[in-house]
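Both of the next two complexes hold subunit A, though its partner changes from subunit B to subunit C.
Our next item is the complex of A and B:
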């Protein structure tokens, strides 16, 4: 029985750690309705500034905290001023993409400055342990809890009773009205980003000391767990974020207790999905609270798409089709094959995110389902590869739609969070369901691509195959967009209440979109499996989902040609920057930021 | 159909110019062009630290190879392409290397998904893929152009099991392992060997690479009541587990796989890794000449820094590549055939490395039983801890 006490204490200790990130995320979401993907990077920056202070400058702990808080706040202010404020009046989704770009840039800067090797960040507190149950807690546990709870309380008081706090809340309820009442919204935003960043920086440092270890990979994990905790508690709700974090810690700990360590994150993300489905605004949202997203579809603002004449598209397609006849290197062809495979994924996502407005952050899961289905069909049941890939597409359509359907009632950012969780769940199920997926060992020896008994193994034939599959999918999707069905999709995106009033069944149309989208993504995954010959649970990871979303936003939401153009750009750019070696992801991040800044509606605009 | 794009040409000629400047002797040799190896590995992304460690090992080995006159008077250089351990990028890199006639063989990639996704391209393109950290049992089954000096876990884990069970006398074990293909394969070999030696494996727990908190896992371990903890971990997660095990009051003997062998393990683990046992392939005071040379050279080149296991793997890999190129020349097929011909290449990990032509791997890794004492790795003196 005492073990359960230990699991509970451990859960609370970890929840404590998550709370530090979640509070900062909640604060920013509360005001700007923005999931700040750069929060994890600020946390990283804080950890490394803390390292410089402690190890190089030998500052005492109180001074270290002040230094880290000040430096991180400064980073936050810079992000707000130069990264996000220019995007104020652009599409709602642009700042989201900007925070992703900023996190690339910050992570890379830290990596380049400090090298990717992990470092020890020694704790400056005395090393005494207090016996609690079967385990012990130390002074750092108490300090982390203290910082988390104190900051949540302070923020709560600040938001409720101070004048600037009122302004913050007014701005979060209705920006325009607040502005008309004389609230300096920019100052409010600045204050919020400064506070959130200071908190993020300090938490990175404390967590670094806690584990005596900091490294550049800690940023994404911190963001993921922070987002889960925040949304469980009710996005934008600061005390809720603390409770959500503790709950997350407990669920993980009990999950480990019952099923074992490798199920840990599965429970974290299941918790998130369950909470979202049962209480879409989080556990602690009051029923009277205004909906978190505007009722009409300003999440994805309409823009005037760039019309490309048909003949130009036909010429472009023809040029790409005959490209292998010219002396281009296989490397260029392989890069384009990657672009076509990413293009199929982007077609899928642009339909789901752009056309019907369900911005998915877990799209790599559809690739994984398609890839595993196709690989297992061809290996275990000796299904011809061509049919197996189609099987992968069908399975991805069916399973993907089923998995996502509980979240159809969600809106805006919540859809993204739910899909993010579903993506993680799929990956963890693949890792743990060993009898089918072979777990971490993965599937090797997947037969190469073949069609009607002919192996497609030369880069040229794979190129033609993937290009033609993508073109067919693109043509189908283009046809779909101009049909009645496509107009219904867009109606749901632009104003779901009006669409419902017209008698459109939202769930049915959303299912249809996911069926089409799932099929395209599953095909892409299936082809990739046969191309790679080896896949495991890491082959299709979160980074791929984020990349796909970046492609779609870059190309213009819902825009078929844009999705393909975006794929070519985002596969091509990192390859072109190869000569910059370690700097290439930094350059990529900066280019991405510039694109978002100057072309927030995407290269070709939303359709 | 293959041609070289302009960028690589510029890069190549730059390298050639530098080579010419540094080694004017080479300019008079039959061909002054340096011999180029392709490396595909992570320089950015979550595994970036391993790519940087590779570079350190490569550069040290190359310095020594150059000092000894290079490859028949020609310079050996490598072109490191960052794959982020992402299969999508590693296949593009594979195609790039295959189409670049100056590349004579390839080294890497780091992770199994990235390496094995690229294997079909190397195999069809007829370019050797020399994966020196690829322990996945199926890696060399990708074809006869796949060769590996990665220590087979079928070799390593029984050694670790013997250390834990026979030498340290542990009878009831808890195994914590990274839940990756490497960790999983290792665990299976370890458990099998440990049982053969008469120990009971009370619990095995797999954790994902991003995991940082092991308290709840350690409660499970405690409840299984083992007398020893086995860590099949890398140094960063190994240090985290050791610290948290000591913090929650577990006092059992900890015995770890050689992958934790890094000065970082001690730096990150602090006092908690004191008395941790580990089976490694070499040790700091090792009297073997190749180890002495490696450690002394490494410390001299990198400001007193101690080399770790990944530095040793990449150092060995570059030396092996040099030995192979010396026999096989610059023809890609001849290089593949040379892998079967090289004999007794001096190696930190294997002592003398010779490939088993059947499995295309090297068998018979050296073994040293170490323990951490006063913040240093030392040869275990046989005293219980």
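Our next item is the complex of A and C:
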């Protein structure tokens, strides 16, 4: 590729692919006010079904497209019927969390079936390129453009001329009023999930053919790109999603042209953050239009927390403290050290997501900031490790809060999208800022943990160290929750409009919550860096953010003891039952789904 | 308290409704006779809109019975209830703002499949609401409040309902439109459609209603023929929350 025309063609083709994903997201958002985080998984499923069809069944291209669309639609219908319909009357966060759980389950099932190794997906089209002006275009480009335009036309006809299409439009404008006209909202949901999944699946297949490669990492990327395009176009706005997608494709393509391939995603997420901050209703919404509904109202299941007497907590702490004095294996200590590190992250997230109601999906970024800061301080500036870790915590508090502050004005699902994007941006900056972070090579030779000049090498000393840090953070957070500040946090979570009316400054309190949460997460990341001795931009990834979220929901949002209990359970139980690593994420996904369905308040209840 | 009489088209008996812990209706009983206009009066937050939602199945009562034409509505979904012949003009009209006026009116016929008859009914609506004729392809959200009310009424009529329930149909309208709306309700009723309407404006509503109920914090405190209630000083006090009436 060379000319600007080539970059433009490439941008439009990629934009077309994004549009197939984003249109589905927009349809679903329109009807259900839900951001479907499982959309990328359906795209992944579509790619692999396409692979089976092409490589194993040798189907001709038109048949392949039909098979992929039909199979993906079926997956969409199953998700709607069994994953989301039972949650219709639950709290608003439930369907969002369910789609996250579903996406983890689907991705892992694909990975277990097909192995994580990339596969080639041939397009079966002749490999020729035609000269157009100063650029070139191939048959696959034309196929993608053709599928995009055909889908758009079919969708237009469906929405404009069919009875079910009218029902979809009416329900997306006013669900209750549509029901009062006799519209069966379940059928509408089925329709949009089926359509969204068919489009998403075909999109995944086309992308696989475009790059002649498919792998399981495609899923999260597709969800992110689709969400970016959809939000840029205005959540729930179907034509807007198409324009947003083409814009995203072009921005990425030109960004790559100027700065190189590794900047592709950075531009996508920067575009998202800019749009979220400047025009949260999308580029095409009129400024006075009210934001769509999920931005308002309480988000979290209220419940009565399980009361645990203080002495019981003290006994439990004491038992864990003296545990290394007994003949326990190295392996048990190792597992518990991981649980304590995850516990610190969960404390941070339970404060941010539970107590003040900002459901962050990018929390691993705070780990990464803490880890890199601590590692670089100790390596480059020879700062003692203990101080370096505290430096990591402070940096994470300061930088994390600064980065997230643009999203303070957002609410509900939008906070989750923004934090997810900010998390990705942090990881991409680490990847690209080579002079500081050493880029893709990562940082190796990080000095081991030490305190006041004494190296902490033995598992026992590391165990005590991490346990005591976590306990101190937990005690501080417990104090915080019962203080006036904690009550203000909860007031903002429960009704931010009322809280503002009482004169609480939302930005100040959200900052305070992120400062405290950022510190705890940064400390956890800092300790981890010295423990692992090697980190890179993928050490702290979205999977960890989601694991932390599962932990927090398992324990009960906002619940300090619950966060620790959840960490021990989710780290410890898979070890106890010797569950192979590749099944663990599957299990986390299933745990999340079961919790959302049967016990949204978690084990110990929300606070 | 009126008990459901055999000729009642719609009857609520001993309905108790809760939002979470908060009780909104206390043993509510209301009946609407076939061919009548029945009006439910009450002050803010007395539970009027919730009564509409109970009838339409948008909110489920914790206990009590709701019957339409002798058959129970409890447990039916909203679309099923609509198919039994109840149409609605919701609070604040709730048009489909991004759809055209024509599409909004036709959405009212969603439960029907007789294309030709639907087209005829659309024409009939344009004679009943002549002003809508020039607005058919305009976005519903861009109409004035009074025009939107006309669309909402036309939309409700398009299902050829046996009964229409209306939530504050005169709210926010200029006096001219208020008269027009009341007149239309009377016309609709004379064509055989029973009407159950929620109103805050007692004197207006009592002019066209046959019977009326007064709701105060979830309890019926007064009921009877509209003519009798019109001159009753307790009516005003009751739904404005005055304590003398209780």
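Criterion: the second predicted complex is superposed on the first by the 523 of 607 C-alpha atoms of A that agree within 3 Å, B and C clash if a C-alpha of one lies under 4 Å from a C-alpha of the other, contacts with A are read in each partner's own complex, and residues count from 1 in each chain.
Quick note on the criterion: a residue touches a chain if its C-beta (ideal position, glycine included) is under 8 Å from a C-beta of that chain, and two chains touch if they have at least 3 such contacts.
Being a predicted model, the structure only gives us computed values, none of them experimental.
Participant: Please tell me which partner, subunit B or subunit C, touches more residues of subunit A.
Facilitator: Touching more residues of subunit A than the other partner does is B.
Participant: Given the touch rule stated above, what does A:380 touch, subunit B (first), subunit C (second), both, or neither?
Facilitator: neither
Participant: Determine, under the contact definition given at the top, whether A:169 touches first (subunit B), second (subunit C), both, or neither.
Facilitator: So A:169 only meets subunit C here.
Participant: Is A:459 in contact with subunit B, with subunit C, with both, or with neither (first, second, both, neither)?
Facilitator: first
Participant: Contacts for A:183 in the overlay, against subunit B (first) and subunit C (second): which applies, first, second, both or neither?
Facilitator: In the superposed model, A:183 contacts subunit C only, not subunit B.
Participant: According to the stated criteria, A:88 is in contact with first (subunit B), second (subunit C), both, or neither; which is it?
Facilitator: So A:88 meets neither subunit B nor subunit C here.
Participant: One more residue to check, A:579. First (subunit B), second (subunit C), both or neither?
Facilitator: A:579: touches subunit B, not subunit C.
Participant: Is A:468 touching the first partner subunit B, the second partner subunit C, both, or neither of them?
Facilitator: After superposing on A, A:468 lies clear of both subunit B and subunit C.
Participant: Just to be sure I follow: which residues of subunit A are touched by subunit B in one complex and then by subunit C in the other one?
Facilitator: In subunit A, no position sits in both the subunit B and subunit C interfaces.
Participant: Where on subunit A does subunit C make contact in their complex?
Facilitator: My answer: residues 163, 166-167, 169-170, 173-174, 176-184.
Participant: Per the contact definition, I'd like the list of subunit B residues that touch subunit A in the complex.
Facilitator: Residue list for subunit B touching subunit A: 1-5, 7, 11, 43-46, 48-49, 51-53, 80-82, 84, 86-89, 91-92, 94-96, 98-100, 111-113, 116-117, 119-121, 124-125, 136, 138, 141-142, 176, 179-181, 183-185, 205-208, 210-217, 219-220, 222-223, 236, 239-240, 243, 247-249, 264, 267-270.
Participant: Contact residues on subunit C for subunit A in the complex?
Facilitator: 56, 58, 77-79, 82-83, 87-88, 90, 94-99, 103, 106-108, 110-111, 155, 159
Participant: Going by the contact rule set out above, which residues of subunit A touch subunit B in the complex?
Facilitator: These residues of subunit A touch subunit B: 3, 6-7, 10-11, 13-14, 17, 108, 111, 115-120, 122, 129, 131, 134-136, 138, 211-213, 215-218, 220-221, 252-253, 256-257, 260-262, 264-265, 327-335, 338, 341-342, 431, 439-442, 444-445, 448, 457-460, 528, 531-536, 538-539, 543, 571, 574-575, 578-579, 581-582, 584-585.
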